[in-house]
């Protein structure tokens, strides 16, 4: 499938400042057909690459006070497969790829170390490891209310599990933390999301099952196959949309994601069948729908 | 300088388990002259390398229940320089190396996002950036009581800043968190520490000042120039001595670090002069004492 | 029924200190047949009465350093009734006795304000208000592991609901907090407990249902009809066994509760029938068993 | 002095609900010259008295959905004395009035048990007990930023000591918690406050020094001698302006406090002289200014 995404930022700079943005589409496994970044006024900016997933950040150094507008458009081709995980084996730490290890550790917003008994009590006895993650996702959907403004940048999985209200970021953090307790590596994904209403940056998570990163979204606010990835990391601290250094204020952000091309069949998880969605390398996919296999 | 370090672990395994240990000396900038790892009984183990700092872990897969002893010895040559930081410029995010960025983010045990006002109020007006870190280190030493058993694996910088008791790990976490608020990249170091009494694994932290990682230790329990590095990371979640998967219990750990060779002049920070210690690449150092420069 | 209870304390005083103990049996509704308090050496002490429930405290002022032993025995007659609550109406704040109001407020260890969504989601749809409390009690019993040493004096209901381990005090705090969310007044009870093994001070809670304080104990470690009350309050901060002011150390506490007289049929809650236990005024009870009615 | 106070509330009731308001002026030590409470429409309401301080609450039971306006005016005569505390002795728990004891305990928003080391380190070595409280008040004023909207109903002293932003309620909670660590009884006061701008309900705290409740306000937003007391308690959980049971929404609150009569000399604490303000019984005061003594 092909998507057209855009993001427009508006900042007021009061003093020399540095803005670091995470909104460029990710390069791994998805093909960037077109991309344009425009700053008004024209200020020096550079793309930098961060962390084990090579997330692409834009660093903008603003010497002069004033207003800055940042306008970004891209066209991206994605591909995915839908796989039957009913026979999946547990991920074994005994031979897991070392690169995956850090996704088992607790992190700022995913304090898996504090959720041990809860996770084991609720989900420990589920046999199939894909079903465990599906059950976690369902639990979050059933118990946590999606409520804009109910949380802030300090809210973590430990809060959300009890307070049971939050936004996409909180849903993802809780999913990740619960997976890690059960020795399932899990990572945070910042994405553009087709059919998300209202449009905004979105967050979901991937669990590492049978040597694949499988996509989950406990909010169910957008189909799993309509995501265009921006960044992956341990949690939102690795993938913040913006990090502002200096006296600079954000005025507005506009985000959009449209289907450019291809027939779109929304895919959501359903615990009645253990099928999961994996984002594939677009190069291996020849189906125009982007749906390469339905194993 | 040359140090001889050793670590002996004793575990009881009840079911097939995986132990991941972080106790091998680090390879960067220090020279491993000799190294030996012995398991009793002889079980398969492998060395894996993790994260941006290439920390060396030992993964041990234990199929059979029973007792396992792990015995490690190494001889290591280290080198350091002591530099005058009185003219140091602030680290600027406008041109900082992208690899350094993640050390500005909040992490599991270093919730810099929750300590903003505290850190800015206490340390924000100090001019010299090295002096800021020295002041943070002094504040921790003055306010936090070193008290074995007062904290646990869930304790974080946010607890320690108020509860004011902890062990080396807590001292390091608080130092790191406060640095990050002030836009000073900081990372956790797990080390063997000469002259630490009683001997144990030790934790300290490095702050990134003028493109160098400068060593700090708010506990003052061991001299800064007697450390042999094991692992670096965002906090203790990246560098835990042991991660146990399965039914396995730790019985005992014995740690030791001795001076093998070289004259040792203990170095501690002192805010009256702004001299800091940087671990250099041993290859660039020809002084037998390991102290290459006292700029 | 008649119980014989005892408590022996041993303290070492290093400097002039004040010890305030809460171990005398409560006077309301139970009859103290015999009571003796002995201090070695003989130090001045006074009984003081605290708070809306007139809890009896012993205040001991120790001028001289040294060892102090406090030895207490009492014989107490209690009475209770077991009532069918299947037709109970909700407690209505519209006409509740003002004295009861504070038992609806959040308190130090029972932060009901932070558990709103959790409690309403889990228990809000249960119709009968007695059954709500029974369901809360069952949930705690099912989810929280009784684990000595897993918590400390700072642990609160907000921790326990997620971390799911604790001791009797933690079980009671969580029960109280969840009741208060649902507009059910609830209070903490410190008691001597017959058939508790090993013997120790025990904690349980009472919920205010249909103008009666009904006894609940989520630990199920001792029968509800074997309690001899010491103190009631909003939570453990109102009823701490000991408050020590000055340099004084506790060496040991020994507690005991025996049946002196009367046939004892252990009573526990069972959600299959909605029968609850209320401690009655002993004066109204003529049954030697202490069980006055089984309405 | 005589003050005229008023409070107007506007609620929308969707279902049968009970509103419990705490806005009537307190009766102890201050004289209510005139008082009027009007509800539109005219609904049944009753005054109830709560807790050891006999706080006056208004309970309003609303059967019918619709809009409710509550309008309150009162004229109150207060009296105070300003006393030199430079020779004050420490409050001794060895002979303190039992009624005072609960103001030493930790409470929902004043977790003194978690602030022990902090309070002792910062304030423990100050000799004079009045000066201790003055130092606490100054520390809060210097470190905590008054910032509307920065906190919410869950925010407690443990948060504020580190996060260092809040409103009057948070300033009071932190003051109370720190006093209690130092064995100084302290209680929360909800008041009308003359010269507070903008006008609103205000919160301050009293410390028990030498058998008197001495007024403190770490916000310094209004003079200590312009307060008209509404309620006292362990913290805001005892004195919430409104407790809403049922489906009812608050639309607006308007508060006012004016000087009716008497010359007003604003009084604030100043650590350079150890003079404190105590609200006296108006009956003992014959000075029209309400300032009875300046001992």
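A, B, C and D label the chains in the order they appear, each numbered from 1.
Definition applied: a contact is a pair of C-beta atoms (placed from the backbone, for glycine too) under 8 Å apart; a residue touches a chain by one contact, two chains touch by 3 or more.
No experiment lies behind these values; they were computed from the predicted model shown.
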item: Chains contacting each of chain A and chain B, listed by label; value: none
item: Rounded Å distance, chain C centre to chain D centre (Cα mean); value: 31
item: Chain B-chain C separation of Cα centroids, rounded to whole Å; value: 47
item: Contacts with two or more other chains, residues of chain A listed in rising order; value: 114
item: All chain pairs that touch each other; value: A-B, A-C, B-D, C-D
item: Touching residues (chain side chain D, partner chain B) in the complex; value: 114-115, 117-118, 121, 143, 145, 158, 161-165
item: Touching residues on chain C, where the partner in the complex is chain D; value: 18, 20, 48-52, 57, 59, 61, 92-95, 98-99, 101-102, 104-108, 111, 113-114, 153-154, 183, 237-238, 240, 243, 245
